[in-house]
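Both complexes shown next keep chain A, but they swap its partner, so chain B is in the first and chain C is in the second.
Right, the complex of A and B next:
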């Protein structure tokens, strides 16, 4: 089997659309996962009754079940109880819910770095606990959890490839589709490997820069 | 609910296949992990580079792409892999990369002076590794490998995509059959049931991993991630 460059060029538009879909679904899910993570970590930190144990259960449930099954549950299972999401939003929801569980733990990790003294100082100044969290702990804690959050985001981007299984036309879907129709196996895998490696390494490099930046002292 | 009871033998067979794949890939991953992880801490630079390239590439590529790669490319190389074997090989290569990171972390967690003392006592390089460093590194490595088993167990579900009759595939078959023959859609109940089964198995393993970590008292290694 020879490597057919002309074929690759001909498939470029379809692959490009696939890549855009991968990026679109991943970026929306990343943003949502950070919102879920922040809210979840706050509920845990403030020990809000009912909500805090629920967040704990959510995190354990997501981390101890396969992402692929979660996706099928959301896309094929939820319509039975009246929750009908489009393919795209099913993809976003499953990735966001999955990564959100990890973001809760990442942000909790960041918050745990914030010293006891800062909480006490906030309380002593007459701030309510929620205010201390919002104005004192989160600005510092979120910053400390950025490297971990980026790592989870990298996983999210990578694992968006799972969505081809429910039929979302992402990069992997397009490539696998071409393989089954045209048998251009080498060309398509070359594209997949190179693209994912470039994307992941770019994000990892960004994460490295942020991590080094964070190691500098505060207030600069 | 009655669907699950009616199809219990199918589910049990699927679960058995899932567990078998998970255990076989864990063993293969561990072997690959020790080979690559030891290379990653070797004194020879090019060995370290090979180990690094292997782990970085396998961890950067989505597991599902890696699996399809083995499934589609192996026949081109004249290897006729059954779907079952393709999944085992694909998961093991990926698990091996993650295990290598674990082993590397474990080896680096052993204080330097242990190596130096062993060398000073006249042990050969392989003896230093095998008799002094690895036994101490195991305290950190074993709990993390139990964590890897959780991920492997979850990832066996990808086998359904290439037609391996493991647990998840069985669930899909039951749903398809019920939809076609009885005209109702049991997807919600069946998928919820499957999530519950995976949850029980994986959280039990997660607990074992945490307990091992406390019991063995090794350094905490970053858990492998999907």
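Right, the complex of A and C next:
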């Protein structure tokens, strides 16, 4: 089998649509997962009754079950109890819920390096615990957890490939679907590998910029 | 008298043997050298090809393969069967893991670009499985609706070409397709009619739409540029027909209630598209 560049050029529009879908679903899920992670970590840190054990249970449930099973559950299982998300939002939800669990732990890890003294100083100034967390601990803790959050986000981007199993037309779906009718295996998988590598590098570079920006001293 | 009968019987046998030998073209050297028939069959598609409880290969296409091994090498056990799936069967053939595919392989123009087909040995229609209370009565009712279908199937290709206004939800397994219909993810599941018959038989909450479409013929798949091998297998299919072997195979592998559909598919010519 020879490498057919003309074939790839012909398939470009379909692959491009797949790439846009991969980016769209991943970026929305990344944003949501950070919101989930921050809220979850705050609930755990403030030891909010009921909520804190619930977050703990959520994190354990998600981290100890296969992502593919979670996707099938959200897409096929939830409609049975009346929750019917569209295909796109099923994809976003499964990635966000999955990555959210990891982000809770990432952000908790970041918060754990915030010195006890900073909390005490906040409380001594008359701030409530929630305010101390929001104004003092999170700004520092979130910065500390950027590398870990980036790791989870990269995993999320790569795991978006699983969404082809529920029929979401992401980049991997397009390639697998074309292969099953055109049989150009080499070309399609080569494109997939290169594209995912480029996406992950771009993501790492973007987060590097953010990290460097945030590392500047506060006074500057 | 007895003596004469024996001679007569021998003469008849010799004639029959001579006629058969003349019918079958020579086996290609490469196949002959291997001394064993390396064939790709399905392992998950009863009654075509599957593995029984003991893990033995079983089904109509498996019997076809054993018969070809018998004719080519003098014994049905001179065979090496490999499980192939819908998406890996053509790569398995072209990578020379197997020398032929008898694997529910529909003869489509896309596939004919990468492999060669023998003449067809059966044909299969398609149907759409929908919930019993669905308002869908014909294919035209699917316009603008979401329909579940499996990736790489003839139904997917047919619907994309002929009914572009149907929104396809492309999944990976029959179980996913049925699940999508039952959970309301799709208004119906488009697949082989033979599969639909089994699904509907098992689940009283589902029915078939009953409008035939995407009718394809199943053939044996071989690599490109192997004309001798292709001729041999074409002759084998002719001989299976001449010796009326498909009827007994269907009786052996298909439950009585589904037999008429299979008898029609294996022994009558492909109908024109409805």
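Just so it is clear, the second predicted complex is superposed on the first by the 204 of 220 C-alpha atoms of A that agree within 3 Å, B and C clash if a C-alpha of one lies under 4 Å from a C-alpha of the other, contacts with A are read in each partner's own complex, and residues count from 1 in each chain.
The working rule: contacts are C-beta pairs under 8 Å (C-beta built on N, C-alpha and C of every residue); 3 or more make two chains touch, one makes a residue touch a chain.
All of these numbers come straight from a predicted model, not from anything done at the bench.
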Worksheet item: Looking at the overlay, what does A:165 touch: chain B (first), chain C (second), both, or neither?
Response: both
Item to complete: Could you say whether A:76 touches chain B, chain C, both of them, or neither, answering first, second, both or neither?
Response: both
Practice prompt. See if chain A has more residues touched by chain B or by chain C, and give me that chain.
Written response: B
Worksheet item: Which partner does A:68 contact after superposing on A: first (chain B), second (chain C), both, neither?
Response: first
Worksheet item: Just chain B (first), just chain C (second), both, or neither: which does A:57 touch?
Response: neither
Discussion item. I'd like to know which partner A:176 touches here: chain B for first, chain C for second, both or neither.
Written reply: both
Discussion item. I'd like to know which partner A:185 touches here: chain B for first, chain C for second, both or neither.
Written reply: both
Item to complete: Look at A:87 in the shared chain and tell me whether it touches chain B only, chain C only, both, or neither; answer first, second, both or neither.
Response: second
Discussion item. So in the superposed three-chain picture, is A:20 touching just chain B, just chain C, both, or none of them (first/second/both/neither)?
Written reply: neither
Discussion item. According to the stated criteria, A:125 is in contact with first (chain B), second (chain C), both, or neither; which is it?
Written reply: neither
Item to complete: Jot down the residues of chain A that show up as touching in both complexes, chain B in one and chain C in the other.
Response: 1, 76, 79-80, 164-165, 176, 179, 185
Discussion item. Quick check: in the complex, which residue numbers of chain A touch chain C?
Written reply: 1, 75-76, 79-80, 84, 87, 164-167, 169, 173, 176-177, 179-183, 185
Worksheet item: In their complex, what parts of chain C are in touch with chain A?
Response: 86-87, 90-91, 94, 110-111, 114, 148, 151-152, 156-157, 169-172, 176, 179-180, 183-185
Worksheet item: Which residues of chain B touch chain A in their complex?
Response: 56-57, 60-65, 68-69, 72-73, 76, 150, 154-158, 160-161, 168, 172, 175, 185, 187-192, 194-195, 198-199, 202-203, 206, 225-226
Worksheet item: Okay, in this complex, where on chain A does chain B touch?
Response: 1, 60-61, 63-70, 72-73, 76-81, 151-152, 155, 158-162, 164-165, 172, 176, 179, 185-186, 189, 192-193, 196-197, 200-201
